[in-house]
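Accompanying notes for the structure given below.
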Amino acid sequence: MKRQAPFALVFIFGIFMVIQFFVPHETSENAYEFLLDWIIIIGIFALALGIWSLFKVSTEKIKNRKEASEYSYITLIGLFVMMAFGFTQRTGESWGLYFIWILLCCACIVALMTMRASVDQGKKRMWAIGALVTLVGAIVVAIFDDAWQFYFTDPQGFENTMFRAFFDYVMMPILATMFALLAFFIASAAYRAFRARNVMASLLLLAALLVMSRFNPYLPFAEYVAKASNWLMNVPNLAAQRAIVVGIGLGIVGTALKVILGIERGYMGKG
Amino acid sequence: MKRSTYLVFGGVVVLFALSWIFKSSVLEDGVYSNVWEAFKVTLAAFLTLAIFSFLYKDNPLYKFAEHLYVGISAAYWMCLAFWSTVVGNFIPRTFESLSAAFKQPYQPSSWDILGIPGNIIYIIPVLLGIMLLMRLSSKYGWLSRWPLAFIVGTTAGLNFVRYLRSDFVAQVSSTFVPLLGTPDSVSVWSSFDLNATGPVVALLSNWVIFIGVFSGLVYFFFSKEHTGWFGRTSKVGIWVLMITFGASFGYTVMGRISLLVGRITYLFGDWLGIVQS
Amino acid sequence: MKLQLLLLSLLILMFCVPVGAQEDSAMVDSLAVDSLAALPVPAPVTDIGLSDLPNDHGHAVVVEWTPSTDDGSGLANVVGYQINYGLSKDGPLDSVGFVPSASGSYEHVGSKDENDRTYIPDHTDLYYRVDVKTVDGRLLVSAEVAGPVQSSGQWYNTGRTAVLIAVALFSFLTIFYVQQAKAGKELYIRPIGGIEAVDDAIGRATEMGRPILYVLGLGTAADVATIASFTILGRVAKRVAEYQTPIMVPTYDPIVMTVAQEVVKSSYMDAGRPDDYDEDSVHFVTQSQFAYVAAVNGMMLRERPATCVYMGKFFAESLLLAETGSVAGSIQISGTDEIAQIPFFIVACDYTLIGEELYAASAYLGREPKLLGSLKAQDWGKGLFVVLSIIGIILANFGVESFGALFEVAD
Amino acid sequence: MENLGVIISLIIIFGGLAWLFWRSVQGREVERRIIFVFIFVAVAAPILFPITFEEKATPVVKSLFDKIESLPEKSKVLISFDYDPAMQPEVQPMANALSRHCLEKGHTVVFMCLWATGQSLLTATLESVIKPEFPELVDGTDYISVGYKAGNEGVLNVIVSDFIRMFPTDINGTPLDSTVIFQDIKSCADFDLILAVGGGRPGPKEWVLFVGDPAKVPIGVGVAAVVAPQLYPYYPRQVVGILGGVKGAAEYETELAAAHPRFDEVDKPGLRMMGPQTLAHMVIMAFIVIGNIAMFRARRKAE
């Protein structure tokens, strides 16, 4: 029962989705939308598991004094502060004691993490008291300060200046810069790997050089280079893509069928 | 941490503060927004440089930016999931009073299964979700396989038919290109004309497409030994693949450089103000 | 800040301009009616035909007509046609759509939701009228109201028969070859470079006393590439458990994390070392693409894995991961079905499984003959593709188009 | 000062590459950080000191330029702005350069758009390019903007035989009948050249199919880089010339500045964006060559 029931579920829902594809009727369509909604809802619970895993791994790192473990504090402070921003918003013009509250929250998180990470019982108790005190302080501030408030029923948090600022000036620049690192890596990868070692590598190298040289204004035959690279991108590329797509399609179909029929069970750890 | 680390860190903080002060004095507007705007721009520039420093080697600045980014982005996705999925997707389908509390228009399901109204059925995914959380318990951990089985089964069925359709059946007819003539229907396939505008080059392109697809597929044959003519065809196949991989690598360079141009323009323009952004 | 302002204003522009421009043209249009009212009136449309849209869930009707004789020829002053519909022949009809000149049909697809503005009831009489819109913005109301017609949903989509046949054929082939394999028939599978490398790479990590990094990519558990990757992970984890080498599996999706934990745990049990399994070896990072990459890159440079395996769905981060891996001095094995990223893996990794090879690897590594059965079926699929293509190409040379139509699949 | 910066950075880049090249002949590899520095300089230098390369116009661009150049004065040209702000960085430079060129040659130009979003971008060109740079030209006599009309391909179907029927007035509400320009323009067939700038649908392709072919008017197009390959099949029979992406714009700007020195001074966004791209591509290609030389030399040494 424990081992077989999940595979029965896989089979039932798999076959259902296959049949659904051929039935355009409203009932089948509704069932389809229903099932997709279910997956999304299960995903929410999974996200909770994920956040728990992030918290646990971060504290374990500190506990085991792994390399760069101090930085785990930054991760968790960032996590909880950003979440706090996402659910609060000021009610008037002034921020009141908002930033004191944020600081208290940070202190509480640090105390909690250190408590979890410390081995010594006495220290553990001390940090537990610290966490409790800051927590009470944060709650008191939250109750008595009415310059800002929590919003759980309406996405005011997205409008929070701090939330926006963290998104625009912390997340976005880092994201764009990580993406921009590719400009450097594409160069170093090209240098390292485009070597005419054998026929295959030479073809790879020549095609790349040809396409890139459409940016060289001093090259003779510039027009033919541009045309040839256009042709490369249009014709052989189309052919290769189609061959790969058909292969991938069949691979996906074959694997999915094996999963539905219970032949492939590796994803449940039973290879 | 080593002493040099502290020194570097201290130096960076001082530089950051100097840049902040300088920036606040340059910006116009009220004093408060001045300082705040300058802080934000300087912070973004600092984080940009911290990520770029990874190119030299792993260092405390990169570690700082990395860990901060992980935490903040996880929280961001969590908030997004709460507002878009829980509030936007789940709550309106459950109860009218609950949707009213979240100021969402109530979307009752217009049909029912065996007389059970649609909104009650939404208890099932919640139960499955709770079963997933059971994996934290060692005794009932096995229950968490059920929701996973549900997800995998549903999506396997979904992908099975959809990929069979889009990546197989629908691809068949697109290879039907004439190889011997009727140039008019051909010309769409080609952009390579060498001013000979023409049927010849277009036809050549069709041959290339045909041979490329054919030999590429032969390369992907697994159950036949790649020897003899079969092996030679598969070799042609992998050559065609390599040419196109090289070409798309070369083609992508342009886009990546544009991204870097964007970042450097931010540093020189928005932050340092030495070029027009 | 300037950039933000610019973006914001562009965004506002994008939203405002169509509305503004629409109003503008409406204003000009009314002007035109005054000054050019003397223009001749184009002929109305004729022969309006109505039918239920086939192969759908209902709530949709196809309207067809013969275009006005002044469309493109004659007076040539027709810009398009406006389609109107209503529930009674005499009652008011609502405008539902507009098509440009020279077109003679319109699919009126409505919502199935009763509260929606565009709702069309099923099994109810509907009436349609097609009006002609002229260049000076006038609408010439047609006298002919066609109808009634009823829309309804179907139980079988005839446009998808080609897929049904493919499903039947493929399932038959797969089951047939799996049965053959179970019966003990030997199936030949050609060697695949990347797969042979996996075992060696695990051995290398053990010798060096360094961990193995396994990246499942950005796919969710809904992507088959990720499912294939789970099987490969199972195999790798089992070997790792036998050699007692640490494994690190940072994940991007929480559901993928739970499945991966399950896989690794079972593999350790199969290897007879359940106590060595560390739950935290498979952990969640974040659901943001580049934050995930930043963290994995940091991990590579700090833990210095001897081997990095990337299997699953990858996007722009492929090259970031693979280049950092090479800085860390790891042997790198990759496999993805994301076509745009294969070039980067080929360039930066030691071994790359191209597209379908990823799925083949998951069957191959399972080392169970019955898993290989599907590979044989896949090969038959490719063979069939080539044969059908050649038939189609020969027919295309003789101008036969109908063969291609057999493979068109309805939406 | 600026020239000095350009010279110094070019010396650094090419001098450095030459040094690495010499090293590679001795069979020595380049460390990855050096590559990173080169890429950074190659991208940053042209941003700091606008380095522009002489873009030699490829024949597809050159033929469109020559067409406009060779038309007799007072020829009638139609320019259509069929794009939205997302495509703007790529195609607006082309639209500006083409407008400049036509007006400088003394052609009468009619501006219009098939995209509602094109109207504001058209206004931007009128206000920031045409009015300041051609103060002597009169709206309504030398050029005219008729704006946007809803109807997509339907509009093209009509204007191919009767222009004023679709656009009775210009953007200011003046009846076109009363303008000087439209005294001898009745339909699209009366234009000597149509320039379609855009990248979506309806766009250049629709202009070719619905107007260029039936009315036998030469059409020149400016498109976003991703769409360019789709238009090549129409060149040179149905399309006079194609400007593809930033590169096409840059080539046209160079050609324009060479033929009409007064435009050497104006901002050339196409060329400006090409600087970092060209340098970075050249640096990457140079490194590929260096890597191969190093490999072959090292291999020979080992033997």
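Should a chain be cited, it is by its letter among A, B, C and D, assigned in written order, with residues numbered from 1 in that chain.
Definition applied: contacts are C-beta pairs under 8 Å (C-beta built on N, C-alpha and C of every residue); 3 or more make two chains touch, one makes a residue touch a chain.
Since the structure is predicted, the reported quantities are computational estimates derived from the model, not experimental observations.
Enquirer: Touching subunit A and subunit B alike: which chains?
Expert: C, D
Enquirer: Count the C-beta contact pairs for C-D and for B-D, then tell me which is higher.
Expert: Result: the pair with more contacts is C-D.
Enquirer: Measuring between mean CA coordinates, which chain is farthest from subunit C?
Expert: The chain farthest from subunit C, judged by C-alpha centres, is D.
Enquirer: Can you give the whole-Å distance between the Cα centres of subunit B and subunit D?
Expert: 30
Enquirer: Measuring centre to centre with CA averages, how many angstrom lie between subunit B and subunit C?
Expert: So the centroids are 14 Å from each other.
Enquirer: Averaging only over C-alpha atoms, locate the centres of subunit A and subunit D and give their separation in whole Å.
Expert: Computed value for the inter-centroid distance: 39 Å.
Enquirer: Would you mind listing the residues of subunit B that make contact with two or more other chains?
Expert: 40-41, 51, 54-55, 63, 65-66, 69-74, 76-77, 110, 132, 135, 145, 148, 151-152, 155-156, 158-161, 163-164, 168, 171, 175, 190-193, 210, 213, 217, 220, 241-242, 245-246, 248-249, 252-254, 257, 260, 266
Enquirer: Could you pull out the residues of subunit A that touch at least 2 other chains?
Expert: 18, 21, 26, 39, 42-43, 46-51, 54, 68, 168, 171, 174-175, 178-179, 181-184, 186, 188, 190, 192, 194, 204-205, 208-209, 212, 215, 227, 230, 233-234, 241, 244-248, 250, 252-253, 256-257, 259, 267-268 - these are the residues of subunit A that touch more than one other chain.
Enquirer: Two or more other chains touching the same residue: where does that happen in subunit C?
Expert: Within subunit C, residues 112, 160, 163, 167, 170, 222, 224, 227, 255, 258-259, 262, 285-288, 290-291, 294, 298, 302, 342, 344, 346-347, 354-356, 360, 375, 378, 381-382, 385 contact more than one other chain.
Enquirer: Testing understanding: with touching defined as stated, what is the shape of the graph linking the protein chains, line, ring, star, complete or other?
Expert: Shape = complete; every chain linked to every other.
Enquirer: Which residues of subunit A touch subunit D once you look at their complex with the stated criterion?
Expert: 183-184, 186-188, 190-192, 194-197, 205, 208-209, 212-217, 222-223, 226-227, 230, 233-234
Enquirer: Which part of subunit D faces subunit C closely enough to touch in the complex?
Expert: Per the stated touch rule, the residues are 32, 84-86, 116-117, 119-120, 147-155, 157-158, 161-162, 165-166, 168-169, 173, 175.
Enquirer: Show which residues of subunit D lie in contact with subunit A when the two form their complex.
Expert: 30, 32, 35-36, 38-40, 43, 53-56, 58-60, 228-229, 232, 247, 274, 277-278, 280-285, 287-288, 290-292, 295
Enquirer: If we count contacts the way the header does, which residues on subunit B are in touch with subunit D in the complex?
Expert: Residues 55-56, 187-188, 190-193, 195, 197, 253-254, 257-258, 260-261, 264-265, 268, 274-275.
Enquirer: Going by the contact rule at the top, pick out the subunit B residues touching subunit C in the complex.
Expert: 37, 40-41, 51, 54, 57-58, 62-63, 65-66, 69-74, 76-77, 110, 132, 135, 144-145, 148, 151-152, 155-156, 158-161, 163-165, 168-173, 175-182, 210, 213-214, 217, 220-226, 241-242, 245-246, 248-249, 252, 266, 270, 277
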